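In what follows, chain A forms one complex with chain B and a second complex with chain C.
For the complex of A and B:
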C-alpha cells in the first residue's frame, strides 16, 4: 500500500517538475533578455541597430560607442560622483543607524521605549512627498547645487535604526558588554570595539540595500544638482538620452550598460546576503 | 559639587536609605543627564525628522495658501489652490493614470510572483537559486536604465517588439504614441522590475510555513492546486496584502518611468502623467517637458498634499492588515 503510494507520487511529481522547469526557463529567458539586448545594442554600431531584420548578436563597436559617451558628456565625472556619494552617505547612515540601534537595544535610559515607539510611528508618515517645501528649505539653507540634500536629510532612517536594533539585540551579548565595562572601556569604545563587530552581518545586509537605493536615486539629484559637473549617474544617463536618444542609441546603451554594471557585479558577489534579506528590506515602504 | 550635596540629600531624605533607591530618587533631570551619551546617540534621527520631516509639512500648510511662480512675490489666495484641484482636469487625469498604470502592473506582478514562487518552492527542485538570481537581477538596475532599454525595445519603427510582431504577421503597434499602449509599456516595466522582488519575498514567506501541513494535506489527497489554494494562500495572505500595500505606497509616487520615457511631459494626451510628475511640472523642475504648465509652487504643494493624504490612508489600511498578520512577527 505504502509502496504503491510512493511510486505513484514519484511518477506524479516528475512530469510536474519538468513542467515547472519549462515555465521557469521561459520566464528566465524573458527576464534576462532585456539585459542581453542592452549588451547587443551597446556593442553594435548605429547602422547595425537600425538594420532590418534586427541583428540579435553581439557587435564589436562597444569601445567606439563608449568613447562617444566619454567625449559627449561628463559621464566619468558622474561615475566618480556616484561612487563617492554612495560610499559617504551609506557609511554615515550605517554608523548613525548602528549607534542608535545599539543604544535602543542595549543601553537602558529613561524614555527609551517611548522614544522607540515614536521612531517606529514616524515610518508611517509619508514625509517628503511634498516636493516644494523641502526644496524651499534646501534653497533657504543654501544647499542647492551641493550634495548636502542628498546626504544630510537621509543620514539616518527610522528603518535603519529599527533593523540595527534587531541586530544588536540578537547579536551583541550583555556579558561581553559588561566585561568590556569592567575592563574600563567607555561608552564609545564599547560600541566601536564590542558591539559594532558583532553587528557586521546586519551592517553588510542593510548596507547593500542602502547602496542600491542611493546609487539609483533619481528625483532629488535631478532637482538639486544643477551643474553638469555635479551630476550622478542616473542624471548623466538622462542627459545622455536627451543628447543621443533620437540619433545614436548605441551610445546611450553603452553608457547605460556601464552605469548598471557596478551594482550587478556587487549583486553577484553578495547574492546570498541580498536574497536572504529581501524580506527584511521589504518593510521599507 | 559640594554646593549641590545638601539639595540632593534633602531630596532623598524621605526615601529608605538603600543605595539603589537613593539613585532613583534623585531629580529626574540628573538621571537624564547621566545618560546624555545615549540621548546624543539617538538624537540624529529625531533632529533630522523634525527638520526635514515635520517642518516641511508645516511649511506646506502655509505654501498651500499661496500663489507663487517661484520668482516674483508670493500672494495669499486662501483656499483657492485647493478649489483649483477640482477645476483642473489634469489632476484627475493624473490621479486616474497613477491608479490605472499601477493596477495594470501591480496586480499581475503579485499574482505572477505568487505562481512563480509556488513553482520555485517545489520540493527537491534543482536550480532554485539560479532562478531566484535571474529573476531578481532587474531589481538592482536603476529605473532610468530600465526606462531607456524599454524605450528602445518598444520603438515603433526599429523596436524589437514590433519586429517580432511583424514576424507573426501582426502590424506594428505605436507603443509609445498610443495613450493606452503607453500604460501597457509602463506596466510591463513594473512587472519586469518587480517580479523577482516579490518572488523572493513570497519564497521567504512560504519557507516559514510548517512543512508538516503540506504533508498532511498530501496524505489527505490534495493536489498541488488545492494545496496552493487551501494552505499556501491563506497562510501567505497577510504577507501578500502587506507587500502589496507597501508597493502601492511607493507605486503612487511613480515618477521616473514616465519622466524618462517622455522627456518630462505626460506623454501622448498626457496618458502617462502621474501625480508626482504633475507636481514636478508645477514646481518647474528641470527638463519638465518644455514647460507644459506655468510653474505655481502653491498648486504644486497642494498636489503634494493630495499624494500625502492618499498615502496616509493607505498606510492606515496597511497597519490594519499587518495587525491581523500573525506571520509578520517573524523577522
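For the complex of A and C:
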C-alpha cells in the first residue's frame, strides 16, 4: 500500500480521467443497449414493439409472451437438450484439446512440427465446403437422428488444440514436468495433476467460447436431428417463426431472453477468471 | 454468434451444392421411409391447420405418425434428398423449388387425388403440377389479394365508401389511379409501396415470363405484360401515390396506425398484420369487392409426398384428409390459412363477420376473388425473375432512378443471372 502512495499521484478529477470515463461510459451504453432492448421487446406486446417512435420502457407482458413460447415450441425439452449436449460436448472438447495441446507443447517426437502445421492448415478449410460430404458420412453411418454427429466430430477442433498448446507452453514449465518424472509419475498422471491445473485459466476462457458456440449452434442440429423432442434451443426458437413472415416478435424475444440466461449467468460467475487469463498473456514476457 | 453467422454462409453454399448435386444424383433409391404403417410428416410452423395436425392421429388410428414441426424445412429437405436418407413421407414444399428433382416425388393423381381434384380451386391444382404434368403437389392454402381501405377517408375525399362501390371504382387500372390521385389530394395514400403494386399485377395477369406450355416452355424476360406492370408501378411511385413503406416493417405499421396509409393491395396475412399494427382502428377498415385489372392470389403452399414412401396410397389419403375442406375451414378460423378447397367457402367458419372489418364477412369477399384468380404457367425462373424486378423497384424508391434506367438494369440482371 505504501508503494502505491509514493507512485505518481493523479488527481481523481483530472480532465483526462473525466474524458476517459466519458468515452468508456458511452462505450458501455452502446454495448449494453442491445441487451436492454431485448428485455424491452421481451416484456412488451408486438403492437408496442412496432410503434414509432420506439418505446424504451419495460413492459408488463413477459409472462404472457413466455406462455406463448411454451405453447408454440418444444422450449423446455429443447432447453434440457441444450444443457445436456453443451455440458457433454464441451467437457470432452476441453479435455481432448488440453491433452493434444500439452503433447504438442511438451512432448517432442519426430514430425511434431509438421503434424502441427497440417493441423493448422485444416483451419483454412471453409465450413461450407465440408458440409455436404460430412453430412453424407453421417447419413451413411446411420448417425442421423442421434446426437452423435454433434458430439463426435466436435470432440476436438484445430483451434482448440492451437489455443491449448499456447497455454501449455506458457503455463507449464519443463522443470515441474521433470520433477514429476523424477517422482515417478507416468504420462497421464503428469498431465492430470501437473499440467491441467496450471492450464486452468486458459481452459476456462476457451471453455466459455466453446459453450457459447455449442449453445448457439443452429445449422448442424437442424440438419441432423429429426425429432422435435431432440431439438436444441436455437431450433426451438425458430419454431416460433410464423408462416409467410407473420412472426410475433415479442414472443420470439421472450424466448431468446430465457435462452441466453444460462450463458449470461455462466459468464457472470467466471468473469474474473476470464479477465485474468486475458490480461495474463499481456503481462508475460 | 460465430456459429450462427458461419452457419448462414455455409448453408447458402450448402443449398447451392445440394441443388446442383441433386440434379446429378442418379441413385433411384431415395432411401425408403421405413415400414408401412409409419408416416413422417414435416411441416413449417403455421403452414398446416392445427386441426389437421391434432386430428390426424385420431383419423388414422392404425398409423404411427411422426409429426415434425421444423423451421428451415427446405434446408433439411435438401440435405435429406441429397443423401438419400431420412426423407419424410409427407412434407410442406414448393413444387417449383424441387422441379429439378420431381421424380423423387409421388404423382398423386395415380393414387387417388384425381377423384378429389375438383374439390380444390383449379388454378391451385394446376400450380401443383410439375413441368411434365405430374401432379406432385396437394393444395393447402392460398393468398387472395384484396384491396383494404378506410371508408371514412374515402368519403372525405369524395370517393365512394361501400365495399361494392369501391370495388367498382378500383376494378380498372384507370379507376384505381383516379382513386389514388383523389386520396393524394387530401393528404392520404391508397397504396403502400410501388413494388407491391407490381407484384400484385404479376399475379393478376398470370405473367410467368414463360412462352408456351409444359416442358416446351421457354423463358423470355422481355415480356410486354411485365414491362407494363413495371412502368405502372414506377408511375405511381413518381406521382407520390404510395407511402414508400413496405410490409413487415415498423414504418408500414406506423403509416397505418397514424392514418397516412388508408388503402393497400395485399394477401390475407397482411390484413392480419394490420390488426397488430393498428388495433385501435378496429371497425374502421373494409375490403373492396374487386381489385384492379382482375383478381390475383399468391400461390400459398402445397403438400408433397416422397416417391419412396412405403405405402403411397395411404400417404395420399392422409395428405388429402389433412387438406380437406373441413380442416381448411378450421385452418382459416384459427390459423389464418386461406382455404383452397372450394367447399370450405360455404362452411360456417368462413361466414363469420369480422369485427375489425366492420362486421364484413371478409372470407366471402376474398373467396370470390380467389375463384376468379388466373392460372399460372410458372417455371423455375418465374419467381427469381419477378423478385429481381420487384427489388429493382424497391431500390429505385430509395435511390430515385427513373423507370427506364431501372427497367434496363433489372433486365440486364435477369438475363445475366437466369439466361434468356
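By our rule, the second predicted complex is superposed on the first by the 205 of 285 C-alpha atoms of A that agree within 3 Å, B and C clash if a C-alpha of one lies under 4 Å from a C-alpha of the other, contacts with A are read in each partner's own complex, and residues count from 1 in each chain.
FYI, a contact is a pair of C-beta atoms (placed from the backbone, for glycine too) under 8 Å apart; a residue touches a chain by one contact, two chains touch by 3 or more.
Since we're looking at a predicted model, the values are computed, not measured.
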(message) Touch test for A:88: chain B only (first), chain C only (second), both, or neither?
(response) neither
(message) Looking at A:54 after the superposition, I want to know if it touches chain B, chain C, both of them or none. Which is it: first, second, both, neither?
(response) both
(request) Tell me which partner A:228 touches in the superposition: chain B (first), chain C (second), both or neither. (result) second
(request) Determine, under the contact definition given at the top, whether A:238 touches first (chain B), second (chain C), both, or neither. (result) both
(request) Please tell me which partner, chain B or chain C, touches more residues of chain A. (result) B
(message) Quick check on the superposed pair: does A:253 touch chain B, chain C, both, or neither? Answer first, second, both or neither.
(response) first
(request) Quick one: classify A:270 as touching chain B (first), chain C (second), both or neither. (result) neither
(request) Identify the partner contact of A:161: answer first if only chain B is touched, second if only chain C is, both if each is, neither if none is. (result) first
(request) For A:171, decide between first (touching chain B), second (touching chain C), both and neither. (result) neither
(message) I'd like to know which partner A:145 touches here: chain B for first, chain C for second, both or neither.
(response) second
(request) Could you tell me which stretches of chain A are touched by chain B in one complex and by chain C in the other? (result) 49-50, 52, 54, 126-129, 131-132, 135-136, 212, 216, 218-219, 222-223, 226, 234, 238, 241-242, 245
(request) Would you mind writing out the residues of chain A in touch with chain C in their complex? (result) 46-47, 49-52, 54, 72-73, 126-129, 131-132, 135-136, 139-140, 144-145, 212-214, 216-220, 222-223, 226-228, 234-235, 238-246
(message) Give the list of chain B residues in touch with chain A in this complex.
(response) 28, 31-32, 35, 37-39, 41-42, 44-46, 48-49, 51-57, 59-60, 63, 116, 119-120, 122, 124-127, 129, 131-138, 140-146, 148-153, 158, 160, 163, 192, 195-197, 200-201, 204-205, 218, 224, 243, 246, 249-250, 253, 255-256, 260, 263, 276, 279-280, 283, 285-287, 297, 300-301, 304-305, 307-308, 311-312, 315-316, 318-319, 331
(request) Within their complex, state which residues of chain C touch chain A. (result) 1-4, 6-14, 17-18, 21, 40, 44-47, 66, 68-72, 75-76, 79, 82-86, 143, 247-248, 250-251, 253-254, 257-258, 267, 269, 272-273, 276-277, 279, 301, 336-337
(message) Can you tell me which positions in chain A touch chain B when the two form their complex?
(response) 9, 13, 16-17, 20-21, 23-24, 27-28, 31-32, 34-35, 37-38, 41, 49-50, 52-54, 96, 99-100, 102-104, 107, 109-112, 115, 118-119, 122, 124-137, 152-158, 161, 166, 187-188, 212, 215-216, 218-219, 222-223, 226, 233-234, 237-238, 241-242, 245, 249, 252-253, 256, 259-260, 263-264, 266-268, 271, 274-275, 278-280, 282-285
